[in-house]
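Right, one structure below, let's go through it.
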Amino acid sequence: MNQRAAILSLITPAYLWLALTILLPLSAMLYYSFLSDVPIGNREVSWTTENYRTFFEKAFYSELMLRSFKLGAEVTSICLLLGFPCALALAKSIRGRTKEALFLLIILPFWSNALVRIFSWTMVLRGNGILEYSINWLLPGTGPLDLMFTYPAILLGLVHSYLPYMILTCYISIDAIDNQLLEAARSLGAGKLTILFRLIVPLALPGIVAGSFLIFIPVIGSFMEPRLLGGRNGTFIGTIIEDQFTAVFNWPLGAALSFIMMGLVLLILFGFSPLVRRLK
Amino acid sequence: MKLRVFLKFFSCQWLIVLILGGSFISAAEIRVLNWQGYGTDESWALEMFKERTGIEVVHDYFNSEQEMLTKLRTNPGVYDVVLINSAYTGQAAKEGLIEAIDTTGMVNVGDLSPSMRNDPKLVADGKTYGVAWVWGVTSFAIDRGDFKNAPNSIEALWDPSHAGRVGWRDDAVEAVQLAAIALGQDINNPSDLKAIRKKLRALKPQIRTFWSSEDEWNQFFSANEFDLATYWSGSASRSKNAFGLPVEFILPKEGAIGWLDGLSIPMNVPNRNEAKAFINFMIDPDFYVKWDTEVGAPTSANAKAVSMLPPDAFNRTTFSDSKKVANVQFMGPMEDGLREKIVELWQETKAYFQN
Amino acid sequence: MANVSVLNLSKNFGTITALDRVSFQFEDGKFFALLGPSGSGKTTLLRMIAGFESPDQGSIHIDGKVVDHIPVEKRDIGMVFQNYALFPNMDVQANVGFGLRVRGISVPEMKRLVAEALELVRLSGFDNRRPDQLSGGQRQRVALARAIVTKPRVLLLDEPLSALDRTLRLEMEIELKRIQRDVGITTIFVTHDQEEALTMSDQIGILNEGQLVQHGSPVDIYENPQSIFVARFLGEANLLRGQAAGKNVKLEIGGTVQTLSKPAYPQVICSIRPEKISIQKEQELQRSNANRIAGRVNEHIFNGTSLTYLVQCGNLVVKVFVQNLSGEVIPPNSSVHLFFRPEDTLVFPDA
Amino acid sequence: MIFLKWISRIYLICILLFLYVPILVMIALSFNESQLYRIPIEWSTRWYEALASNSKLHSATLNSLTVALLSTCLSTSMGTAVALAFFRHDFRAKRLLQVMIFPPITIPWLIIGTAMLVFFFWVGIGRGLHAMILGHVALSLPYVVIVVSARLKSFDSALEDAAKSLGASYWQTTFWVTVPWLMPGIIAAALFAFAVSLDQFVISYFLAAPGFTTLPVEIYTAIRKGFTPEINAISTLVIFLSMLLLLGVSRFYRFGGRN
């Protein structure tokens, strides 16, 4: 078997597929982002950079972009704070069948529809909803909580959706740490906190970084959760882009906004690349 | 040798199945594009229609007029009937998305009130591009439990005592037009967009959430998320009749947005005759009376159908009162440039005042 | 079964030279050991003969035919890997039968051949065990059976015994040799263990830094190392620095010794194996025409069959092996004389 | 130590409760009589009865499963091939190609979905089952490559050398030795791909043809246009089915520990 032929036959199908579904569509989008209108039907279109200019001329676009990145950073941090201890507990203090069962239980929510989960949160959070109802039943006279349609409600929904990613990636890298290493550290007199911060966290860094990217990127582009849980406070760059495609049908502007967002994501990835490279 | 014979035989069989299946489907099925829950997809109505004509009806839905237009543009030859707000009929015709309808043989067309049948938004150069179906108004509805006296002004939406308790539809054109009404401007050509911008900004703290469908409206309303919310007249009667919600639709003294919905046939329609039969059925009094009394509907463009409603029906009493309807401004076609400005204005408003 | 010969093989990995113009002939039916420290290129040479690596220069012949462009799977070789590389998803029968299955041999024939091979390695009845249900030695036998069941032209062994404990290793050494003799297959064996190489092979090739430094029969190499490297790598050697004068060498630690041949260079190192030296107490001193150096016993190590003395001679510690004939031990600090024959005193140039 | 053990257990239980709140709510509300999700809950199986005769949801579910199954097969086989190529071979474009695998996860789905819509419409691929499969496969490919590569890290390439030394060709080695060894990883990857596809609505929403919807698209439209507890009912059924499937798979593949 010729090496070249082997490589080609292994990778060609996948990369042809990716070219057809990712590369060419993104190029088409890039092309659209420089058009004055969607070239469908009998419309006249011309080349323009107006769609990009709009972003810089109207302050609210950049404000929303910033708001989305802030949301992404917050959701990622909360997921890390909640998920890492969970992964640690699962990987290092639980054994055997229980561990396996718990692991299954954690990945199982992935299998329920994300939309239904978000919708269920609206049932929990909304006025006269399950949370208010149960709290008023336990502590009568607490009154309305007014959690629905607030920024914390969006945070809650997104953290819920993306927490399993962080637990999974952290779990995988913590589980790979040899127990003998930790025992060696203890035999040398290291305390629990020293072991955690000087040994486990650095060794689990690849998992933490992977989990953070897997969460941060989809969150800044999210639109369903803010829409359903955010109400008046649910306008982000993601919802604006979705509007351009599904409600307003200004595809060129939507494409331009998407490319600006993608550019910023790439900039951030680029900024982190020294760290990522060090991990390899 | 044998394999080839077998393949031939096999492919022949498939061909037969395809031809039979194809003709079977095309003879008995039409595709309708509409808002969800807006008359054409009532299951009892489709059964009634199938009983009469043997035609099966399949639905596809849209969330906004722009989405409807895009669906027509990107799916030529797929839909047989489409509901178009008359404000957009002219644009659709100009773009070549819909065809002129030959109404001969559609018996119920004769019963349409002439002003709507011949509305210039639906008819161009003597050619009918949309058959007038129903009309209604957009203003707002209140939760009767939250008000001692029903307000009679659109300013109720801006009333600080209901801050954070207002539901608003997430639609740029509607939002700007309601603000225009509050400011006494022409809804189709607002004279002062700056004033509208200010008015909408003042509105933002009032808003609890945005709604996008009738069902969502009902759910938020029943969860007591808002005291009052923008709404459609036909939907308000449905919320009252079908869901028993304490809703009262308000026609404010400043006026309201009026709309006329027509049914059109897309260009390259697969089943023209069946589509025409369906449109004819949709303006039939038999269908309309049942729809309005049992479910709740906007007002029919068919004068005969309206007159067959019970004497106390909302659609008969309110809209026959010419004084009340006098202030209603009907939506007309809008220039692309203006619409773009309006969309941006609305998005800026949505981004404004968030926690 | 076949001759294997390599001609002028060179291979670089980046800036590292793994093999440097190695030529060698492996004769039909013989057992060869490739011996060398880690990084000497022995495994590279083996993998090149197998076909896993291709040489940068030179060529490989099997049965007189160039096989450079024949891929591994067509070379008709058998190979046993360091960790055996048994397929974990197959039982013993499937593992051993793998090569036969690949060659499209019918099932009954395959079963017969597998049974034969398992009998040869004395593992009959283990057909349906999985690799993880076998002990180290059993896995080793399965790997061997798998490698020879296809009757390959060459059998390649990549440190096959290094994963076994000592007793098992000794047992397998004998077993391996027996099987090789029974089958009569040309066998090339890579190891870094000199004892293994000495006991098992017909021929040894010693590699250092990518070069084949010496080859020959075990006795020949042991007795006549051609470099200090070989002398030290195969067995042990005491090295004494000195200056040559005719057949005499004047040692740095004092005294003069005779050699058999006349060294061609003034600065030399003499190498004497510890077992070629006899040790005698000062008071028992006898006259002898053998070379003699004086020293003082530092310590002794007793291991039953023999004794090892560490003797301080000047600034040098000389090692001496003595067979335990009398059960007597020379106590530390005794003054002693060490005797060795001129023919056991090998001289090498002092670099 | 015992103390820490209990703290970590209690913490795990809290996290699990948090993860399951919406699912339990979803299940509870599927048995609620009120169409407007009013509480307290009046028990009723009416939505399950309605479900039994809702042919639209049936066909949407069937479509979802078809798309998920087909795209899982395609993405698992192609992704495994790519992972194998990266593992076995070194070639010039490898770094670039490795990076090129990731856009489907590193670009928000919204952008990819709309880009596909634009492009497919432009070149005449259009929308429908085939378009959805095109999209879903692209989305699950990176997951497959990651999961399979992770398992390959512990693969001893001496196994492949052994197979070759025994005369197995490249593809025989692949299919008789490497793939069987990789199977747990491949199954895990397939599960991932299946879950990604089953849950995917953004891409489906843009690529679904009129009249051909998948369950998530149906749910999405329902949430925005008319949501009844029937959706809860079908989601409840789906999650129970998934649970059974996962439990079945876990008999063959150990999820928690290393293999």
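Order as written gives the chain letters A, B, C and D; numbering starts at 1 within each chain.
Convention: contacts are C-beta pairs under 8 Å (C-beta built on N, C-alpha and C of every residue); 3 or more make two chains touch, one makes a residue touch a chain.
These numbers come from a predicted model, not from an experiment.
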Which chains sit in contact with both members of the pair chain B and chain D? A
Tell me which chain's centre, taken as the mean of its C-alpha atoms, is farthest from chain D. C
If you tally the C-beta contacts for A-B and for A-D, which one comes out higher? A-D
Report the inter-centroid distance (CA atoms only) between chain A and chain B in whole Å. 36
Euclidean distance of C-alpha centroids - chain B vs chain C, Å: 91
Which whole number of Å gives the spacing of the CA centres of chain A and chain C? 59
For chain A versus chain D, what separation do you get between their C-alpha means, in angstrom? 16
Where chain C touches two or more other chains, by residue: 71
Send over the residues of chain D in touch with two or more other chains. 37-38, 121, 169-170, 223, 227
Name the residues of chain B that each touch 2 or more other chains. 63, 74, 223
Each pair of chains that touches is included here, namely A-B, A-D, B-D, C-D
Show me the residue ranges of chain D that touch chain B in the complex, using the header's touch definition. 35-38, 121, 127, 209-211, 221, 223-227
Help me check something: in the complex, which residues belonging to chain D touch chain A? 4-5, 8-9, 11-12, 15-16, 18-23, 25-26, 29, 37-40, 74, 78-79, 81-82, 84-85, 88-89, 91, 97, 100-101, 103-112, 114-123, 134-135, 137-138, 141, 150, 169-171, 195, 198-199, 201, 206, 215-216, 219-220, 223, 227, 231-232, 235, 238-239, 242-243, 246-247, 250, 254-258
Quick check on the complex: what are the chain D residues that touch chain C? 156, 158-159, 161-170, 172-173, 176-177, 180-181, 183
What part of chain C is in contact with chain D in the complex they form? 50-52, 71-74, 76-79, 81-83, 85-89, 98-99, 101-103, 146-147, 150, 156
Per the touch rule, the chain A residues reaching chain B in their complex are 40-43, 58, 60, 63-64, 67, 126-129, 148-151, 231-235, 240, 243, 246-250
